[in-house]
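After this come two complexes, each holding chain A, first together with chain B and then together with chain C.
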Partner chain A sequence: MKRGYTLIWLIPLILAISLLPVIAHSVIYRETIFLILMYITLAVSLNIILGYTGYVSFGHIVFYGIGGYTSFYLMYRFGVHLILAMIMGGILSAIIALIVGEAVLRLRGAIFAIATIGINEAIKSLVTNLQFLGGATGMFFNFKIYKTYGGAAKAIWFAYWIMVVVTIICLLTSYFIKNSKFGYGLFSIREDEDAAVVLGVNTKRFKSIAFAISAFFPGLVGAIFFFKAGNIEPDDAFHLVKSIEMIFMVMLGGFGTVSGPPIGALLYERLKGILLINPLFKNLHMAITGFILLIIILFAPGGIVGWFRNRFKKLRSLLE
Partner chain B sequence: MILNVENVTKKFGGLVAVDHVSFQVKKQEILGIIGPNGAGKTTLFNVISGVYYPEEGKIFFNGRDITKVPSYKRARLGIARTHQIVKPLNELTVLENVMVGACFGKTGASLKQGMAIAGEVLDAVGLGHKRDVITVKLNVPEKKRLELARALASGPEVILLDEVLAGLNPTEADEMLQVILKIKESGITILMIEHLMHAIMKISDKIIVLDHGRKISEGSPQEVASDPKVIEAYLGDPDLALRLIKSKGNTL
Partner chain C sequence: MEAWIGAILSGILLGLVYGLAAMGLNLIWGVINVINLSHGAFIALGMFSAYFLFHFAGLNPFIAVALVLIIGLIIGMGAYFVALHRVLDAPELSTLLSTYSLSLIIIGLGTFIFTTNPRAIDIGLGSIGVAGIYIPISKILTGLFSVLFTVILYLFLYKTWTGKAIRAVSMNKSAAEFMGVNSIFILSLSFGIGIALAMIAGCLIAAIFPFTILSGSVYELKSFVICVLGGLGSPLGALIGGLILGLLENVFALKIPVGYIPFIEFMILVIILLVKPTGLITKR
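Right after this comes the complex of A and B.
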């Protein structure tokens, strides 16, 4: 409908955060902000299928793993450049989403969510059993790989900037979908799929495309993350807890909105940081996260952004 | 013939919900569909709009066989419907609901065009003042009007109205009838299911009567109302039978 002004503050905010490590000359900042950007992209892309389309892709981390493994293998084995390897990882994630989507997007509600967990576990055990991918122990980079990028230190900065770019592209994608006819097709699927199809929405195609887009970006993120980490193994790449974290970030910020998931991701990273350094809460961090999730669903199902939109109607065009 | 239903059968397991039903509808005609509860009226709409494919029979729209055409394509061809049990897009605004109709139906509007069309249609059905309300907040009669608005915004050639008068008070029902007549005047063909005998007898050009999935009568409102088979079908509901007989008096 009427285009709002969300991007006017959101993009500059992301850019400002991204520049912090440079301004502060801080590697620690860089690590923190890399994580924040990564969470933002994961949350924003999950939101396209979860928030816009109404399909709870519970095992969504599988696409991060697929992107990670694909690109890692290409870089490790054939010395492919990160950018190319990353794009291939994203594309393969999207293709796999199209293929599995053909089967699982017919399912609705809880059954769909459970099926996506099954997909994650299945691909994880497949990868664990593939020797050319290193099996259960995974793969390690030889440091020579970073030479192309001017050494390990520079390679990590390079990965960081790629992450910034990917985050911004992901946010723009989310924004343009939200304000497009395609987006309205997705919302109608979320609200009532049977009504949507009778209204002329090609629900099957729309769901597939939404699922593929929301799989593409986690594929990119996985590629960058494991490039930077220098090793990849199945337990890290297909870690279901990360999936739960993604859902949490979307719900906390406000599902179905443009600005909610990034806000949720930012807050979650901070919250996790605080909980993890505190010896008392360290082991309880998932329990506390779960408890907060429950509170949100019960009392503010629209998340933070939803709550503000309800409360302050004037803010609506700024908080899509 | 804009719509031609030929020998259509739809079963749910052992239950034959629509049993070898045939009828034809002329352009710009109002076809009334009546019958006791569970007669298969809604199921017939579901088959025409493509929610279900029939086990037997064929459906032709403007001479084209659409029996196996998926639902969303039928909407684009120009078949729109409302739902007996309303299906609003709850978390969208009223305007956005109608926009979806305009954007994805036969009209195929862009978002901007869709917004303009939605505004006009909402005014026409008397929901203009609610355009920016979140749909979940509407009451049932308003949601019924929204169903109608959404279907109209899609720019249909044929519109299927499933009990749009149910739950409306007499004044609202009269207003709705006026709206329906206007829709007809604009050149749209209407199929409507209704339990309000008085209303459907008054407005329909032709009526078909379903009972246990079968078409037991067809003709002008007068012919149908005096058909002994119809009276018999309604005997399970003496009150309805009485109203049927009364309404015959009204229309004559």
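Right after this comes the complex of A and C.
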């Protein structure tokens, strides 16, 4: 199979962006770029199940919440190190995805979407009622926890670099899946699941693995985000709107492509930033997001990358 | 004993409201096979129409409902051509997202114009009490209106030519076209009726509960559960699903902590989807 050149510009670009706050000595840059990296990881991981496999996981944020809660609880109660807690959070998200996926991945199309919304809401209300997880008010870190990392200021930088590493691993995973036999299997499921079965693709296992991988990374992201925030509550961790934001970024960039979701995430973060700062548009950003989404769905279903790929054939090896 | 009777009575009344709220979603899902994620936004729009008709035109929500029906029909048919017509044959992701973007636009503009402050309509009808159980008259009226709209919708779908055409299109679009049905008109009409029903539900709910622009999403999520419980494409199914959910919420609340009820509801949703994706009660 012929490999393209997407990674040659994408990875250096991400690294360059990540180094910006160090070069500029700016905490504001760090916060913005942390969010961008977080969005990129969320979008890229959702793309594996949504874009590659064609299953609309509408409640995908549930895995971010599960990872966040697992690692937060481990750090809060047992003082586990962030890296270990994060990996445990990711693994638990993936395991839950495997179990849940075993059942819900039998559903197709819109019914699957509704089921994932149901799962998110069910887990959210369950967590709201579990007293050992802090119930509806959630949990707060004691500042002592940051001492392991050399104080709160250093802990935040530490979280930032972990986020950079996770983002790059996630991008590499997404790239290598797309260019592997496994990835072709997923695409065949997206195009025609019944035909894929006939061709000898073990669709059931392929879907489950894809779902687990796309749940693993949001678990990691949730762990880092809530470590940095210092508190976690159900409404933050299982916010359905965040799910929609993830889908929006994938659709804006171009679903099913490697470079689309990162571009979509970058643009969405900037768009949101600009709209939220402007006093006139501050309260209108939701309406504007909706309007852009509608335009994309109606007129450019392939997103930005899809549009460029159609228009300029020579760019195809650069924009996978 | 009194607690039980009270719970069952308010469960039935609440269930009728839920049923009405789900009917629009049910019709659209059943007829044009689109899960309308802007359903909640249109319920909220109905609530605000009732609010403004009450405060500026002095219309009681139970009278304003006729006006809201017409407004909903027009907006809904318009929304079909703007957001849905182009993507109807595309993969389901497109219709989910196009209706969701409608919802973002409506709620976004609504938040901008009306803010998220809670509002309420107080028509002051008082309540009637029998043997120590008091029920507000507005709740009884809302329940009666729900039954009334179910009957009207049923008669429309089963006794009129247009209604039969809607059901024909939902069964087989091309066969219906051969019989001289204008399928584009029928599809847009179905979406319009679905939206009108959502707005009517919002208008009636506004008469009994306080609300904000974001209130619709609660009813939307419950409507998914109801559609799955009651089966698709029949007004009666929606009403039955609503009654089950209303009774469940009120009767379970006597025995288990209220906080767990949403968990149980959504587990029911997921389990039914897994066991029988077409809904619990289906004809045909």
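The rule is short, and it goes like this: the second predicted complex is superposed on the first by the 320 of 320 C-alpha atoms of A that agree within 3 Å, B and C clash if a C-alpha of one lies under 4 Å from a C-alpha of the other, contacts with A are read in each partner's own complex, and residues count from 1 in each chain.
We take it that a contact is a pair of C-beta atoms (placed from the backbone, for glycine too) under 8 Å apart; a residue touches a chain by one contact, two chains touch by 3 or more.
Computed from a predicted model, the values in this text were never measured in an experiment.
After superposition onto chain A, the partners chain B and chain C occupy separate space and fit alongside each other.
Once both structures are fitted onto chain A, a short way to say it is that chain B and chain C open up an angle of 80° at chain A, using Cα centres and rounding to the nearest 10. Of the two partner chains placed around the shared chain by superposition, chain C is the only one that A:129 touches, whereas chain B remains out of contact.
By the touch criterion defined above, A:198 lies against chain B but remains apart from chain C after alignment on the C-alpha atoms of chain A. Looking at the shared chain after the overlay, A:109 reaches chain C, while chain B stays out of its contact range. In the superposition on chain A, A:301 contacts chain C only, with no contact to chain B. More residues of chain A lie in touch with C than with the remaining chain of the pair chain B and chain C. In the superposition on chain A, A:187 makes contact with chain B only, while chain C stays out of contact range. After superposing the two complexes on chain A, the closest approach between C-alpha atoms of chain B and chain C comes to 12 Å. In the complex of the two chains, the chain A residues touching chain C come out as 50, 54, 56, 58, 103-104, 106-107, 109-111, 113-115, 117-119, 121-122, 125-126, 128-129, 136, 244, 247, 251, 283-291, 293-294, 297-298, 301.
Remark: chain B residues 49-51, 70-73, 75-76, 81, 83, 87-92, 95-96, 99-101, 103-106, 110-111, 114-115, 150, 154 touch chain A in the complex. The touching residues of chain C, when paired with chain A in their complex, are 33-35, 82-83, 86-87, 90-98, 100-105, 107-109, 111-112, 221, 224-225, 228, 257, 259-263, 266-267, 269-270, 273-274, 277. By the touch rule above, chain A contacts chain B in their complex via residues 1, 179-181, 184-185, 187-188, 190-192, 194-203, 256.
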